[in-house]
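Naming follows writing order (A, B, C and D), and every chain is counted from residue 1.
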Amino acid sequence: MAELVGLAEGISGLVRDGDTVALEGFTHLIPVRAGHEIIRQGRRELTLVRMTPDIVYDQMIGAGCARKLVFAWGGNPGVGSLHRLRDAVERDWPAPLELEEHSHAGMANRYVAGASGLPFAVLRGYRGTDLARHTRTLAPITCPFTGEVLTAVPALRPDVTIIHAQRADRRGNVQLWGITGVQKEAVLAGHRSLVTVEEVVDDLDPRPGAIVLPSWVVTAVAEVPRGAHPSYAQGYYDRDNRFYQEWDGISRDRETFTEWLAEHVLDPAGSPR
Amino acid sequence: MSWTAEEMMTVAAARALAGRGSCFVGIGLPSTAANLARRLHSPDLVLVYESGTVGAKPRALPLSIGDGELAETADAVVSVPEVFNYWLQPGRIDVGFLAAAQLDRFGNINTTVIGDDYRRPKVRLPGAGGAPEIAASCREVFILVRHSRRAFVDKVDFVTSVGYGDGPGARERLGLRGRGPVLVVTDLGVLRPDPVTCELTLTQVHHGVDPGQVRAATGWELAVADPLGLTPPPTGEELGLLRELVAGGEKV
Amino acid sequence: MAELVGLAEGISGLVRDGDTVALEGFTHLIPVRAGHEIIRQGRRELTLVRMTPDIVYDQMIGAGCARKLVFAWGGNPGVGSLHRLRDAVERDWPAPLELEEHSHAGMANRYVAGASGLPFAVLRGYRGTDLARHTRTLAPITCPFTGEVLTAVPALRPDVTIIHAQRADRRGNVQLWGITGVQKEAVLAGHRSLVTVEEVVDDLDPRPGAIVLPSWVVTAVAEVPRGAHPSYAQGYYDRDNRFYQEWDGISRDRETFTEWLAEHVLDPAGSPR
Amino acid sequence: MSWTAEEMMTVAAARALAGRGSCFVGIGLPSTAANLARRLHSPDLVLVYESGTVGAKPRALPLSIGDGELAETADAVVSVPEVFNYWLQPGRIDVGFLAAAQLDRFGNINTTVIGDDYRRPKVRLPGAGGAPEIAASCREVFILVRHSRRAFVDKVDFVTSVGYGDGPGARERLGLRGRGPVLVVTDLGVLRPDPVTCELTLTQVHHGVDPGQVRAATGWELAVADPLGLTPPPTGEELGLLRELVAGGEKV
């Protein structure tokens, strides 16, 4: 059964230096506050996994939490580059960043294999691309019935998966709706999981389009209102598109980024962004 | 009446969607063009976004592929693994819309790195996202990219998404089941693959554009179709609806 | 876009002698009326596919529609044997019946592969069982990353998939809720599909737990109230458990079965069961 | 107070679920036993039915594995592919409950055919259903079957679901990750695998049953544990709740 915890307690209990950590949420319900807590606690040497690294991963990489990134698309959606990610890859600042690069379909299927207790998944993908030349976690596989050659990708099994959801009940059952992305697969694929939620409620009344993650497959739940800002939580708040645009300026150079981090993330008295 | 090159490009792309049933949409110009097509001539065009929103009917242009507006107006919202496995991969979707940082003469796309060294690139681009499988599995692919020698290169630095590979027969050898890039719309004109060589050929210039301009903005010896087509200028209706969309759309 | 049709028209238009036909519905929403129409139209030499052949397949087999059965569990749930199925397998009446036998997990994954445009699916299953000796549509497959040996099953691609759902709108979008089983995969795996529904409505208001099959992936929709009886349609009618029990007696011998079929299925004036 | 052998069997199975977190439930006696356990000592026991109902809390005994009652009371209702792939296959579920037409000394189960010829069987049984993967993937398997020489055979006619295969090491060789059948509950007693030979051994007889009866009802030379355990008779609470359940349950 999932334990109800505070965010700091949840992160310190579940995330260790050197862990493989997946923060998932496809545009919607991105667990940004949890990422900030990982930065505050000074975790290092993490292998960060995410289909679409965006602002929160830019911040974690710039803050020096990451050794390696497993991903498919790293950008500021609708705005442009992730400058901290680029600085790490192009100029090793603050540290070199190893990349393990896939496509969205490949990443999604790697989580599916992890959630399914299978060592690999099969898809039509990668053939003819240079990803097949640079990414070691790919292999051709032949259909035993038709002889057709497809691509196999190994299962993802994060040490910890972190997601954000709209609600949980007091027993730790989690409910999310709207665009639910790959979160169910990511949680079921993880060895441990932390779910931050907008609110803890007495009862999860059924919602159209909602999925429920039962308490017994979740390690810990933390109530973190606005925990997905600047992304959005359907039914709670909209996407802060302005901040995505502002981030381009904040993140462009190391100084402004460092100041922003100090003021908005590291300083407990600072106003959270 | 005047218009920008980008407006012409978007209108030309929207026109190309006429008669198509479904479209796998990336954010930016492709999304603008697809939503313009729904308003102009294809109200039943099914928009599929990789966030899992199938049949989205956004009342305003989404700013991300995962806006709440898409989920609220979709016929079905499915998981991300499902949208790739059940909806894209089997080839159910007529048109895949892609952008490119680099595009070569065979319609191969690079959105990964600029420079020869993948490990230490001159410019690190966002990466593949959903593009490789969109390029592989949609029945047809449309590419939207602004014309420049930086974008239109003889050979891409990195093949992120396969067009016609190294030429005729490559897609079949690779087991790619979609037809590949049948149309490239730029701010200057339209390119289509030569039926024999698969090489992208200028088949149409936009109103007021000289073919020489296009050749000058292309990094390979660009073949020009004869006769060369001419894109009719945007109509008042097209421009009106496009500007309304971009301005924030008809909120219902 | 799906066409709205009458049941007879839908079956005659979509189902041909010799087709591979899947009627799916896991306990809930079994398309029984559609099966009766196939019997009435005298289809022959069908390969019938279904995870859990029960009463309606017993009827179709007894009526002589089937040449082959692809399945995982064939029985009268909570009651016992399917006597018509047994008579066909044990005594070739009314005709010999070829069996292609799998497990539920294997059948479900075969539909998933079909829906996904893949030639096969991979699962942990069958190893050490005698199914592996008698079922040709199974093969070992080795993980290219770990060397682990798993089982591959080939995709199911029925010529026609038939399901029953609660509702459709006038444009042919289909909505079902409650236990939705393998219906989405079965429809997406089929080359053609027919959906019978309890009612056609103007708008499909969102429902908790509901899935929607968009009109453009469905071939035809027919309004068939009580089309799932004696199984149930959540929100419309309950399972007729008494009929499941009665079926044991009706189906035990060939005469009573033949009379029942003549009266309740073949005779257009008869009362439908 | 008196009770039937079937009541004793069901109560013994329900008792065995104490301390277990989750259970993959088949219809019939397993479902009765699991629901009795929820009412007796394990209110939080998670019941998973292969119809995709995860965490079902039926107020009355379901008559099929797909009753509406299961969907209406479940924590989550998932698709059938999902319940097998995401929930059963990874080994998340503590106990799998199985029935058997034939059971051999190594706990291998036959629910497919009686007779030597698979193509032309003496009796065609329903088949595998979900059993092979339940037997392979649940952390532990409990088997419920009435004792008779017809059911307890030296060698099953068809291995539908693997217990300990041909003996020690077989499960590991086959890559089966669950522990296999750790408990067989019958109307006469309880059998457990010998830790060394994996052969099912009589470890417990129900109140009032003589070991000789059990050996006589078993088709192989049944080993009997020494000391032999004795199943305490059903308590009034156990019988009361069981009869209430079977009579139609406490409708809420």
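Here is the rule we go by: a residue touches a chain if its C-beta (ideal position, glycine included) is under 8 Å from a C-beta of that chain, and two chains touch if they have at least 3 such contacts.
Because the structure is a prediction, the values reported are computed rather than measured.
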{"item": "Contact distance in steps, from chain B to chain D", "value": "2"}
{"item": "Centroid distance [mean C-alpha coordinates] between chain D and chain C, Å", "value": "28"}
{"item": "Rounded Å distance, chain B centre to chain C centre (Cα mean)", "value": "40"}
{"item": "Residues of chain A whose C-beta touches two or more other chains", "value": "112, 117-118, 123-124, 148, 150, 184-185, 209"}
{"item": "Per-residue multi-chain contacts in chain D, two or more chains", "value": "85, 89, 137, 177"}
{"item": "Chain-to-chain touches, reported pairwise for every pair that qualifies", "value": "A-B, A-C, A-D, B-C, C-D"}
{"item": "Chain D to chain C touching residues, read off their complex", "value": "27-28, 50-53, 63-68, 70-71, 77, 79-81, 84-85, 88-89, 112, 118, 120-133, 136-137, 158-162, 165, 170, 174-177"}
{"item": "Residue ranges of chain B in contact with chain C within the complex", "value": "21-22, 44, 46, 54-55, 75-76, 85-86, 89-92, 137, 177"}
{"item": "Chain A - residues contacting chain C, complex", "value": "117-124, 137, 139-141, 143-146, 148, 150, 152, 154, 206-210"}
{"item": "Partner chain B, residues of chain A touching it in the complex", "value": "26-28, 51-52, 71-75, 77-78, 81-82, 85-86, 89-90, 101-105, 108-109, 111-112, 123-131, 134, 148-150, 178-182, 184-185, 209, 232, 234, 238-239, 241"}
{"item": "Contact set on chain A toward chain D in their complex", "value": "1, 112, 115-118, 173, 184-185, 188, 211-214, 216-217"}
